[in-house]
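Pasting a structure here, questions to come.
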Amino acid sequence: MSIDAIPIHVINPLPTEPGLTGNALPLLREISEMLRRLLETGESTAIDLSALPLTPIDLEWLREKLGEGEIAVTLQASGESTLNETACPGVWWITHRNENGAVTSQFIEVSFVPELVKAHPEDVKIGRDHLELLISDL
Amino acid sequence: MSATLEKGVRVLKEVIDAPIASYFNSCVHCGLCAEACLFYTETGDPKYTPIHKLEPLRRIYEQEYTVLGRLKKMIGLSKPVTDAELDEWQELVYNSCTLCARCSSVCPVGNDIVYMVRKFREGMSASGHAPEGIKGAVNRTVTIGSPMGVKLPAVQAQMKHVEEDYGLPIPLDAEGAEYMVLLSSMEIINFPEYLGAIAKIMQQAGKSWTLCSTAFEATNAGMQIGNSDLARVIVSRIVEGAEKLKVKTVISPECGHAYTALRWEGANLVGRPFSFEVKHILEVLGEFQQQGLLKTEGFETDKLTFHDPCQLARRGGVIKQQRSLMNQVAKNFVEMPDAGYMNWCCGGGGGASAIEEGEPLRLEAFKRKKAQLDSVRPDRLVTACANCRIVLEEGLEHYQMDIPVIGLTEMIAEHIPKKGG
Amino acid sequence: MQGPLIDNLVRQGISRRTFLKYCATLASMMALPPTAGRAMAEAMAASRRPSVIWLPFQECTGCTESITRSHSPTIEGMIFDMISLDYQETLMAAAGFQAEEARHQAMKENMGKYLLIVDGSIPLGQDGAFSCTAGRSNLETLKEAAAGAAAIVAMGSCASFGGIPKANPNPTGAVSVSDIIKDKPIVNIPGCPPIPVVMTGVLAHYLTFGTLPELDDKGRPKSFYGETIHDRCYRRPFYDQGKFAKTFDDEGARNGWCLFELGCKGPVTHNACATTKWNGGTSWPVESGHGCLGCSEPDFWDAGGFYKALSMPADPLKFVAVAAVAGAAVGVGVSIANRAKKGSAKAAHETTTLADLEK
Amino acid sequence: MNDLQFLTWVRGTGLNIAVSIFLLGVFWRLFEIYSLGHKKDLSAPRHASGASGLHTVFRRSLPPPGMLKRSPVSYIGGYIFHIGLFIVVFGFAPHILLIKSLTGLSWPALPSQFVNLAAIVTMAAMVVVLFDRINKPVKRFLSTFEDWFTWAVTFLPVLTGWMAFEHMLLPYTTMLALHILSVQLLLVVLPFTKLFHVFTLFGSRWYNGRVNGHKGVPV
């Protein structure tokens, strides 16, 4: 059941925070530092956006500054997750949702490919076994 | 020779009432009463804060009439009032308080501080802590008949002089007269013009009036010392005189405390309402003016200002009359700052002027009046209280200010055209 | 159910990516760094399946329901696969001597290493006779089980703080686990029932780092109980504006205004309901239009009534009328004494003469 | 006792005790004070418009001519903190609920943020007034232990209430309980200290105004 089906709605939602908290700008510098590290050492890093004191407006501002990239990955795993590349390649905006579509966590990951996109060797093995079984059946 | 602390406390137990209890419980120690008291503003000494002048009374109230106060006294948290303490307080209760009631009119919680000082003096006098100067005045008023020791023959001598000078009769003991005129001894000795002025004014108004041989003196030192028993003795003479002569109205002279003693305390002292009215001379003049019975000619042209006696204005409610009377005879009448209801005391009211040792403090406090006068710079100062007049003259002389002080009644009388002239 | 946890999960149709996503979110909720999500996933996936003994005392099974039963199979439920739940009366197939034997066996084999979960309070009244299992009082059972436990998790408000059984007048003499056990690390996960993800979070933390998460002064994991319901409530702006629902069906209630006046205990209740929500993130009490009861706080049942605003008296003022009358009586008494005193002072009055002015 | 139990205690038993002592004290003290009686004034009254006890009850809320200039801190500071206290005590929704539950009277609340601001202004004014008491010779001279004590007892509820609202220093539950406890302290000492002026000031103004009204002096 989706939340919209419950007949209690905020009729007069308040305007969201009128302004930016100023916490988003240092985050851009942090991301730039993380990119430098990625290039130098190949190390992937991430920022937990819900752990930071950011308002919805801050997040919007950040999202807008980072822009839209070329790749958008959708993951169906107990609800939809989106792993979108931003206009800065290597910077990924990751949003996890639950089955009801509510955002459960949000991250910025700095990596060549998000960890979650890569297939795990164990899964690849299962896939290969499955494929071999398929071929032998043919 | 029977004044004791015990007697003083007993008298205080008698006079402490609900208003006093309410006042002491309301005080928040904000100190605003100090800002209204000329003895504080001119000396800057916090001990002159009006409410502080009542500290022994407060403790007696608390110890006698509150449960917690009794407990505090029992365990030694609240010390009993002592003779030595009352001795120390004499200066605060008499020398530095003129009962001007400016404190009572500014207290934000509404405490009538002067009401309490007046009551506290009952205990002070009963315990033998009244100043010698006022004691002397009371003694003379009770035994001789007037605080300055004036006796009837002296009055009669002045009457004769005035009759000669003005060519008008001064009636004595005229039964059934409409007005009975009282004098203050200062008017008898220092300002005899007052009697002449009355004669002229009454003649023009066509009113019958009289002096009373047994009650010519209006001032009441008994009230100033704060002793109701003695004040009653003094006021009873006037009541008896007025009732004997069957007058309609008794006119209080230009003397603030005489007015308060007779007009507001009198009936309470004798314990029954008066059968006659009591009016201040300015009230009577005001009525005459309204009724068109007061015709004057000519104007004073020099710059005049008016000093409101506290007991007349702030404590007596006579504020408008003097202004309209001033304007009838003066072209250049200017008001001092704070004039009228909030006027500052001359510094000698409430018996203070009778206290010799209080003079340096009075002169210090006079700086307030000096500042008021300095801001107006009048040629002459008009007032309506013989006591104010004497105190003002002393102060002006001390500060070498050349401003003559005159009585309003006399000034009005000067402008009344001579009969047939 | 042998082998690593992830195999079990995969068998039940939960992919590795789903599990990774879940762990990332769990780490985020527990305010752990993003790297912890991966660490948790790896640790749990390769779980060494510690033995867990779950003791139910004076409880209603709501806590068990909350964690194990949802409308669809959840990871919270699945996570129980990563532990070896060796004793849980409600869930286990065994009964009687067989069940008790399993418990003793597990305790013996894992002495000093097993995790003890307790739900329900412990009655001390009548020598503990109010609640017994296998002829032994809860107190005995708890003491015995706690002795060999590595750590104890008090599930739900009853085990944490005594809960409803301890409510006035507490007929059974109920107490919490921490009232009895003083020498073991105890995590309180209060709530009536507690939020499932808190339990899994604590388990995940324990499995990943080998320690219990950081706790507040009431023994609750700070990451879930660090803030009040009120602070995270979406209706909070209405509180700040002074807009309150006055009844459950008025205009204000329909507009989603603050429920403070209807008795919401959000301001003094520490829990994560406002952020985690319930039933898979569907809703939570305040969102469904009812004020917070404060169920994750000690003695919430006796905190003055669920429908009384926090600023209202918790109990009716019983002595005020008596006090007013007593005050008036004292006052009248003092008045009479004062008037008598004043009267006698008056009666003793001697008219002052001139001579009396002198000492 | 943990924080919620402490809060429940102050909301229950504590409140019960405090309100009871308050009521006991108020009745006792009012009788004690006003039963002393006073003599009837036998002098002939002079009537003047605007001169009466009731007039003075209201009029004395304003500074008499010239006084504002002589003691601006007392007046302005006093106004701000009294009005501020009034806003905070009677304008804040939770307080109104309490009053409603005790008396049945209710009125619309002010926005919490506005009340919060009022609390800050009130505290600032109270600090200024305290500083004035320390600084001004007259006030310092008049001050006794009771003056400092009652200041603190009045200041504490505002401070703790504001800190609870702002989630400062201590957890909200504890701060709220301390806030209620400080109000209870205020209630308990009110009838027995100069704080009782909240009741007697009306009587005092009325007596003063009536005596002067009798004389036709609008004070």
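Think of it as A, B, C and D in the order they're written, each chain with its own count starting at 1.
The rule is simple: contacts are C-beta pairs under 8 Å (C-beta built on N, C-alpha and C of every residue); 3 or more make two chains touch, one makes a residue touch a chain.
Quick caveat: nothing in here was measured; it's all calculated off a predicted structure.
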item	value
Most centrally placed chain - per-chain CA mean versus overall CA mean	D
Contact-richer chain pair [B-C vs A-C]	A-C
Gap in Å, rounded to a whole number, between the CA centres of subunit C and subunit B	77
Centre distance in Å when subunit A and subunit D are each reduced to the mean of their C-alpha atoms	57
Subunit A-subunit B separation of Cα centroids, rounded to whole Å	91
Interchain centroid distance [CA atoms averaged], subunit A/subunit C, Å	33
Shared interface positions of subunit B, touching two or more other chains	16, 65-67
Residues of subunit D touching at least two other chains	28-29, 32, 35-37
Numbers and ranges of subunit C residues touching at least 2 other chains	330, 334, 338, 342
Category of the chain touch graph - line, ring, star, complete, other	other
All chain pairs that touch each other	A-C, B-C, B-D, C-D
In the complex, subunit C residues that touch subunit D	218, 228, 230-231, 239-242, 244, 260-261, 267-268, 294, 297-300, 302-304, 308-315, 317-320, 322-324, 326-328, 330-332, 334-335, 338-339, 342
Residue numbers on subunit B that touch subunit C, as the complex places them	1-4, 7, 10-11, 13-14, 16, 64-67, 125-128, 130, 135, 138-139, 142-143, 225, 227, 229-230
Complex contact set, residues of subunit C against subunit A	6, 10, 14-18, 20-22, 24-25, 27-29, 31, 33-35, 38, 75, 234, 237-238, 254-256, 277, 280-283, 287-289
List of subunit D residues in touch with subunit C within their complex	2-5, 7-8, 11-13, 15-17, 19-21, 23-32, 35-37, 93-95, 97-98, 101-102, 109-115, 167, 172-173, 176
Residues of subunit B touching subunit D in the complex	16-23, 25-32, 34-36, 40-41, 44, 46-47, 49, 51-52, 65-68, 104-112, 115, 263-268, 271-274, 277-278, 314-317, 337-338, 341-342
